[in-house]
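Okay, here's the structure, questions in a sec.
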Amino acid sequence: MPGICAPGVVFCHNDSPFAMTAIATGANVSAMSSVPQAIRLTGKRSRIVRERLIESLLMLAALVSVFTTLAIVYILISESVVFFRQVPLWDFLTDTQWTPLFDDAHFGIMVLLSGTLTSSLVALGIAIPLGTVIAIYLSEFAPFGVRELAKPFLELLGGVPTIVYGYFALLFVTPLLQILIPGLPGFNLLAAGIVMGIMIIPYVASISEDAMRAVPMSMREGSYAMGATRFQTAVRVVVPAAFSGIASAYILGISRAVGETMILAVAAGMQPNLTFNPLDPAATVPASIGQVALGDLPHGSIGYQTIFAAGLTLMLFTLSCNIAGHMLRRKFREAY
Amino acid sequence: MAASDVHAIRALIASRKRWDAAFAVLGFLALMVGVLTFVALFVDMAVKGLPRLSYEFFVSFPSRRAEHAGILSAWVGSTLVMVVTALVAMPLGVASGVYLEEYAPKNWVTDVIEINITNLAGVPSIVYGLLALGLFVYQFGLGQSILSAGLTLALLILPVVIVATREAIRSIPQSIREGAYALGATQWQTVSDHILPYSAAGILTGMIIGLARAIGETAPIITIGALTFIAFLPPAPVSAEPPFLNFEWLTSPFTVMPIQMFNWTSRPEAAFQLNAAAAGFVLVIMTLAMNGLAIWLRYRLRKNIKW
Amino acid sequence: MTAILERVGPAIGIEAQNQLTLKAEVRGLSFHYGAVRALKDINMALHEKQVTALIGPSGCGKSTFLRCFNRMHDLYPGNHYDGEIIFHPDGLNLLGKGVDPIEVRMRISMVFQKPNPFPKSIFENVAYGLRVRGERNKRNVEEKVEQALRSAALWDEAKDRLHQLAFNLSGGQQQRMCIARALATDPEILLFDEPTSALDPIATASIEELIHELKEKLTILIVTHNMQQAARVSDYTAYMYLGELMEFGVTDELFIKPKRKETEDYITGRFG
């Protein structure tokens, strides 16, 4: 079927690459000047349709991420709404017991939050100082060879499955700690927090280091030219300059710590316990979701809805952390 | 400059340089904490687990008797789930990446898509499990099956694949695209003939990293309801008689390696903990190998492609 | 000392010679970036409290030469110096193996091509050199900062916003602040690496005027790709080409009656 020809164009019904080239390079000058862009676009209707179709398919694929977020929000909220019709919000926030599967059920999210808070504080107490020191070291001090080895190593460290870290915390770190701290229970938040902290170090270190490397060399030269040492330049000039990037690394680390499930499920036990003492066993929000899910959860039961309410709480927190971290990173990138 | 001034300066510089040296040591020690932990973890797994690793271990089902238990159902389940994950995440991720880099106009829709991808990268894995439970298992009626698990993990690693695809595509210089368009290629022809082949290695790297992450994920699978004691295999996907391919395995109950390890770790008997160490060792080797492969690929890429 | 004067003497009047002392002497300086030889056997004198300009086409090595004076090349691996730069009056070889680059940088300051303020307040920027030297006395620091800002002709504009971020200053103001920062530690030599190439003509004029005032207190070595600027601000000019020092002399004489054809070709614009 002949394509749509513009007046003066001889080859437009021909599919040959030669014709296309001729048109594209303006070989037919008079035709080009009178009918510019239109020629190529109206060359073959079916080609246009095909291109548009492909573009739409690709866009649909990209929209999957939006659908996923919407689906998450929808699922969490719709099940939580059902939950909150049966359990008053006030009770949820202030009850001091978490026993969703018992006959006399209590739903105090505070219990789980205490476990999350305590373990996260332990983890961040390790990840933030060590991660920052490692980042400064790799960015400003380390010789090239050390850096080339350290960066892939940190990636590997962050890639170990969390169940393996959980095993390590329960069966290696806890016995070790029990030597140092007699009377430490087999399940405790401390061992889990320490291992979780070490797992988060690569996140904090690599984002902070990227932020520091983005600081222009001219700023460092300005500092060295004043007679400053490496340490002075790193601490007085580079770190302040990379501050918002480093802050976003911390925030993302917090989000990671709060959302972690397996290390705590395995090593801190899954018994809800309202405590701020790292030496105690306790359940965190994600671990408790996992524990409830391990049992039988008939669709529509209160147990089923509980995990969605807990999940909603978790999601709200990590979402705000992620948004804050993202905005900080954006702001930092604009500055340079 | 007076001699005493010079002396004072030299003393000052010397004391400042001590701080330099002290920090370099501190930084190195901090790095060593990570190294030591990794080594301790690896050696611990190896020492406890290696003795248990035998042919029988790989071909036996879990059992109440620790010495007879094995990871057959677990690694078969993991493999099948990974197949689904890869088959779903790869096209979706690459298509999204291609759309965002080659087609998407700079408008609010594109912004929304990009924000979503960044957010999804930070969502805790257990929330993905909740999504799967509510949506795939119940709403879509897919049940507690390999299909649900594969879809969930595909969504979980989607941001990783998308980001890797975008980075790979971005590194292709504009002059290549211009050359293709100038010869009259359409947008899709440019993408399929040039952009995709040249970025294939980078995309593959991202896919490997994503799968390495997926293989170790436990929380979402627990939430879907993968059972921890599975003493049978899902129906085989391929069979000798027609139809040669069947899809029953997609809807079958299953277990995966991390869940099996979790189950054994939770048992107080020492013998089961040895099994857990063995399973963990296998897991660590698998993830190390995959991550190592990805890192090596990335390194080779950087060396070879000089645009 | 006499040897140098013999080389330079004919270029400046005999009367002038007796009034000048040397701040630094460059003897046989060669510099390598890895395997590349960027500077070839340079001999030059730097006169005290005079402005010496380095001119030459792009890539001739003038910035490389400048950076030898404060050992900036030490920051990057694979660099290698040959020869000496003797610093007067103590006769110290700045490039000596046992000489600490940090010590050198505390006595020789530098202003860069693009202003590079730190992410701090104007006050803290200018006070940086003092802090690095461990100066704790608050009064001293405040005095020196004010003095430096006055010398850099920035005090009036900055005095009401000393504690605001330096990033908020205009390009010309930032560069003057960088000059103040370099001055606050009373350096003996001030190095300028194309200080006005990133600035507009008005800011450029104010900096040139500043250089003129500053030379009463210290020795200045300035790299510039703008010949007219060299003619305006400097007392001595060195013409470099492909890593070698082609000609060195009193500015007026070098520009009016250059001794070498290469110099004349460059000055008259036969190549860029």
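What to note about this one:
Read from first to last, the chains carry the letters A, B and C; within each, the first residue is number 1.
Everything below uses one rule, namely that contacts are C-beta pairs under 8 Å (C-beta built on N, C-alpha and C of every residue); 3 or more make two chains touch, one makes a residue touch a chain.
Being a predicted model, the structure only gives us computed values, none of them experimental.
Of all the chains shown, the one with its CA centroid nearest the global CA centroid is A. The greatest number of inter-chain C-beta pairs in contact is found between A-B. Each chain's centre was taken as the mean of its CA atoms, and the one lying most distant from subunit B is C. We define each chain's centre as the mean of its Cα atoms; on that basis subunit A and subunit B are separated by 13 Å. A separation of 49 Å divides the Cα centre of subunit A from that of subunit C. Centre-to-centre separation of subunit B and subunit C, using mean CA positions: 54 Å. In subunit A, 227, 229, 232 are the positions where the chain touches two or more neighbouring chains simultaneously.
Contact of a single residue of subunit B with at least two other chains is seen at positions 13, 16-17.
Multi-chain contact residues of subunit C (touching two or more other chains) are listed as 102-103, 106, 132-133. The part of subunit C that touches subunit B in the complex is made up of residues 90, 100, 102-103, 106-107, 132-134, 188.
Subunit C contributes residues 70, 72, 75, 77, 102-103, 105-106, 109-110, 112, 114, 116-120, 128-129, 131-133, 178, 181-182, 185 to its touches with subunit A in the complex. If you check the complex, the residues on subunit A that touch subunit B are 17, 20-21, 23-25, 40, 47, 50-51, 54-55, 57-59, 61-66, 68-69, 71-72, 75-76, 78-79, 130, 133-134, 136-138, 141-142, 146, 150, 152-157, 159-168, 170-172, 195, 198, 201-202, 227, 229-232, 234, 252, 255-256, 258-262, 265-266, 286, 289-290, 293-294, 297, 299, 307-308, 311, 314-315, 318-319, 321-323, 325-326. Residues 13, 16-17, 19-20, 23-24, 26-28, 30-31, 33-35, 37-38, 40-41, 44-45, 91-92, 95-96, 98-100, 103-104, 112-113, 115-120, 122-131, 133-135, 138, 155, 158-159, 162, 182-184, 186-188, 209, 212-213, 215-219, 222-223, 225, 228, 258, 261-262, 265-266, 273, 276-277, 280, 283-284, 287-288, 291-292, 295 of subunit B are the ones touching subunit A in the complex. Listed in rising order, the residues of subunit A touching subunit C in the complex are 144, 216, 218-219, 221-229, 232, 236-237, 240-241, 243.
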